[in-house]
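Both complexes shown next keep chain A, but they swap its partner, so chain B is in the first and chain C is in the second.
Let's turn to the complex of A and B:
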């Protein structure tokens, strides 16, 4: 559905889809600044900028991971439950003791890595579609959480809570960590062999396989990293709330919102095309929208309506644009297309 | 399953589905994922009856069918969308919307039932139309479109109701979901939902045998080929979205009788319906699967829950069991589809003339994502695999 079925006549437009994402982000910021000013506030005050950046961090972690998984041609619907689980595991292990912070973080991230490994192996070895594999994994975790945790549990020591509360200038530390992860993932995608393989496998797994790549490794890696990043989001939530909660992930709707942010960032849902920078733009668009609606005191239910409309409208803008492109695997030889994807 | 578009100049019986006696064909069908779900239903039913013999009585069986009808109807609606290669995540919100509308607009006035139902149908068509047109003409991935309509509709419903239960439709309207034809021999009562389910199932099977159904499967299997063959893919897919929203509307009307009017009715319906469809062996990414298998998948799911209930499993573990089951079922189905496809390609006479060969039976099209990811390792035999679908 994403690839063009109409006649491929128009040449590629000079603006990249990431460029469009940031144009949309700029428009959102301008609109937000005007609306905020009409409400009698200053959009660019340090407090407000800090609030917006704080709003990007959690969805940012998850969306970065989701980008990897979507680039690999899969999906991850289990992220909210991984987030809840890590916040609980780390919270229970830390139990308010500063000395347990490292142990809690390591165990929590280890658990989420194992979940990601299971996702990746089910997707690659059992050949289950990522949608179903991670939907199933999400249900498994949901059952575990509902059975073993009746409510909030554990507590974060003060030193750990500082991660969620400290600012450097107007920039929260949590956002800096998120951006650090983004830089690492960008380097992984652009500078390493496995990153290029990830694009190749996501673009066309069969061509990648015939080109001699191990098609399982990049997909499994993407799932592991996605779960670990979701785990980091869980740790951050623990730092903010100081207790682990079994429902925090599901309440946030992080599975669908992260996918929406990724697609809003110009990544093709079918895989093989897109980048982290666009995803960060998509996350920022959501954060600005939320902030502006918060300032304007929009009814929280109506926020969902606005989000839904904006998602469709924004994606329609560049989905229409890409419609004029030549098909990715059309008349040209398959190998060329694969190389083009892996660039 | 097979689209049955065999050409005249070939030897008769080219399609493996058309070979052998009816019994052999039945056995072979039961071997495919779409057939195996009926066996799964049978096994689960036997297990439930073993756990609780009362369940086997005709009266409670027919009530069970009535209870399962809304989810089975939703699964059939979702089937149309999935077999055309798309997703409909807005289904649950449509159910919620219809439930809330019927609760608030009908009220205690029987004369309003008909106009309000017409309004609900019109709204269902409208939602489907928006989903379909945004997917096909604006080329937004259906996952995103229906996610957007899901957010918008559920937000709107929650905003209008304030998140609390409001309104109570007149009892005669609720009878559609609650009541039935009474004093029937053997089964005592035939619930209206069961009748609606059977009628819709017959209609869906007939529709899938009509040119529309064939085109829909072809559009899911290879939209470009279908487009080149002259079919209006955008309109075919849009109608699938409309059918899905209408199925959600019917499910909503039935659910009013069961569950009453609350904005939480219908929550999670889209994922349950997708699970049921996938359990029925329908391939995500389109082009493969039978509509009744989707309904059977819904029954398998409900039977599973009933079994867990009777076995005294804590309700919190239901999700976990459901998760394990769908992963295993889809893994097994994927293996079965490929195993079923391979032997037929050994015959060199059929493979040599591959382009334009019968669609359902021999195309090496693997289950893929809705937007063209190829999941399974396609045997590189025919060399006609297109990267996109």
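Let's turn to the complex of A and C:
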């Protein structure tokens, strides 16, 4: 690390927002365990753990991608439609044949990458904010899906369906793939130049430009990866449902749910600050809440109310922590305080 | 311009050019590291910089002064590659250079520390310094190497106690400044220009900065040092260049200059003529605002009395709590201790809205962030406060607005023009119009003339005199001591969140600074005002 000569005087930071996320997650788990026990069930049973983890994987994929895009200072509202489209494209190509799996996956992810590329280029080159650019892209895809697919289509071969059905211990393979992607993205953000530059561009584009960065590259990359990850979510849904569906993404509400998970995970909506770990925590909080409310047979309306309250409360907490200006003369006033103490 | 008679033919080769006549042999054996000749920049046909020459030498600190609007920033931005000049040439170490982008200037060894920091608050010191040039091992960023390099770099600059991993947001302004300078140095810059590096620093931090500048000098770096604080220039610089109205006025060795001469060259006339006298018949009236032991999170033990028709200057260093005091009075950072009386009646002001209803006005320090909605029209901005707080008076205020604006000589196409297209001076006049239309009894002004040109300054001073004559009590925060001295009936000085003392009109800069820094041994530090 640093040479011995520097005396680190890092100020004792309060709990980081990622820290808060995991504290909240722990509390949610405790509360969930108690509530589940009251309903006469075991929260920690392998079956239930597996169910919760299964619940994390789809939103997990999408939220990881959304984190990248939000860190870059953009937003992706087209993800649910990309998810639907890839489930259909892959399902139709596979058509129940094991030999077509690779082709189906490659084409589906290729299509999502192209959609992400289009999003990224519109955002960077045409200077359209991501909110609008991807809202437009989402509408285009929604229109395409509604016109060309009257209902479910395609079919996943048995081998492909296994991805959605296999567990290693209580852990579903799909969750492991999602976590694998998370590790890769974390590595990308922390240990590659483009990852550092993504934070820089999202934090302050002008600073990034003045430091000689290509400000478009990280943003385009974030959009491409986000779409590809949404495509992976689509593939996973195909594996689970064994058919492609034109409405599966929109039904999941993955656009807003992923943004909510990202923000719940402590990433700043304006970009430049946040991390994947927090997002995973956010996704897990949602999964645990859904699971507990499912076990307790809470009505769906109340479910959404609870989710809504949690999102707003979390963001309010973060806002409080960053509110107010930094003290302008922190040290002098410390001295002042000491003087007062002495008096 | 009527007032450059005092100065030897600006723009022409004058006596001041003696240090570097374009053709003549250089006095010094070493050739200049940077030679800029005939730099010219126009915006919309207006020349903001005209035919300016500048030479920087290795291992020398060169001061650059001039009033706001004199062209200093433009000159720096041209050298930094932010602007492209419309005329003139830049040579670095004898080689012609043209910068299309700031990065090209950096690559040529010319780095700039701007006043507004170019740092990412949520990234670490190391990540900020090596942004865009992160050391790699294989495909990955070598974070360990990056931190070692940063530690080494900081050590080389004599900085201790700043960890490379610290997130920039948690640093003090001075430490952020250090990071900026370290970043500039890390480009192996041979030339570093600094824009008002001490503007945001407290006294003990300034010494740290001086140390860094001297170290750069020892390393043979040429430093261009822009500052309003004249004593700094005399302490640090070998040579000083004065700009005025976009033209080169003089370049002289510091030893041949004194502050009075420098000020005369900058302003083009003696200081005394610059500030209007009070309107005849202006008399301090009854006490309007009284604070007793007031304090919030930033200031404490404030006893203050403000009388109608009075202009009281509030001086102090950056961070001494001046802004926080006026924001306390205005309810933006409400006082939590002490009492406030308005015209003898006790009041509690918990929000700006309450303050406005009681006849207070605050011209904020940062007009772009807090004073104006830049993409709205002049009229909407000027009526903003009245509409929000006194909706019943809106139509009256609207009716009188053309008169108010033209009395202040706001230069605009019309009242529907967006304020972002106005000059800083005209924007500030719109801010004033906004408050005048509420007919305040107490006018709090935080740096009312920051960043505006001389002409606009003068008309704001005249307006202040007129307001005082009309019985408004004015409390003016200012970092420009000549302004404080030139305008104030009394001068209050703050230090470390407290009032350090009061001085009568006509006090000297030295007296104010002594109080502001605590250098005056007669005054015990802090709290005796409580």
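Here, the second predicted complex is superposed on the first by the 310 of 343 C-alpha atoms of A that agree within 3 Å, B and C clash if a C-alpha of one lies under 4 Å from a C-alpha of the other, contacts with A are read in each partner's own complex, and residues count from 1 in each chain.
Quick note on the criterion: contacts are C-beta pairs under 8 Å (C-beta built on N, C-alpha and C of every residue); 3 or more make two chains touch, one makes a residue touch a chain.
These numbers were taken from a predicted model, which means no experiment stands behind them.
Peer 1: Identify the partner contact of A:273: answer first if only chain B is touched, second if only chain C is, both if each is, neither if none is.
Peer 2: second
Peer 1: Just checking: does A:263 make contact with chain B only, chain C only, both, or neither of them? Give me first, second, both or neither.
Peer 2: It touches chain B, and chain C stays clear.
Peer 1: Thinking of the overlay built on chain A, is A:133 touched by chain B (first), by chain C (second), by both, or by neither?
Peer 2: Once the two structures are laid over each other on A, A:133 reaches chain B alone.
Peer 1: Classify the contacts of A:211 with the two partner chains as first (chain B alone), second (chain C alone), both, or neither.
Peer 2: Only chain C; A:211 stays clear of chain B.
Peer 1: Between chain B and chain C, point out the one touching more chain A residues.
Peer 2: B
Peer 1: Touch check for A:316: first (chain B), second (chain C), both, or neither?
Peer 2: Touch partner of A:316: chain B, not chain C.
Peer 1: Touch test for A:191: chain B only (first), chain C only (second), both, or neither?
Peer 2: Second partner only.
Peer 1: I'd like to know which partner A:303 touches here: chain B for first, chain C for second, both or neither.
Peer 2: Once the two structures are laid over each other on A, A:303 reaches chain B alone.
Peer 1: Residue by residue on chain A, keep only those touching chain B in one complex and chain C in the other, then list them.
Peer 2: Residues 1-3, 5, 203-204, 206-207, 209-210, 268, 272, 327-330 of chain A touch both chain B and chain C.
Peer 1: Which residues of chain C touch chain A once you look at their complex with the stated criterion?
Peer 2: Those residues of chain C that touch chain A are 102-103, 106, 118-123, 127, 131-134, 136, 139-141, 143-144, 147-148, 150-152, 154-155, 160-167, 169-170, 172-173, 202, 297-298, 300, 319-321, 324, 496-498, 525-527.
Peer 1: Going by the contact rule set out above, which residues of chain A touch chain B in the complex?
Peer 2: 1-5, 73-75, 122, 126-133, 135-144, 146-147, 202-207, 209-210, 256, 259-260, 263, 268-272, 299, 301-305, 307-309, 311-312, 315-316, 319-320, 322-323, 327-330, 334, 337
Peer 1: Hey, which residues of chain A end up touching chain C in the complex?
Peer 2: That would be residues 1-3, 5-11, 13, 187, 190-193, 195-197, 199-200, 203-204, 206-213, 268, 272-273, 326-333, 335-336, 339-340, 343 of chain A.
Peer 1: Spell out the part of chain B that touches chain A in their complex, as residue ranges.
Peer 2: 85-86, 89, 134-136, 138-145, 147-156, 158-159, 163, 223-224, 227, 233, 271, 274-275, 278, 284-285, 314, 316-327, 330-331, 334-335, 367, 369-378, 380, 385-388
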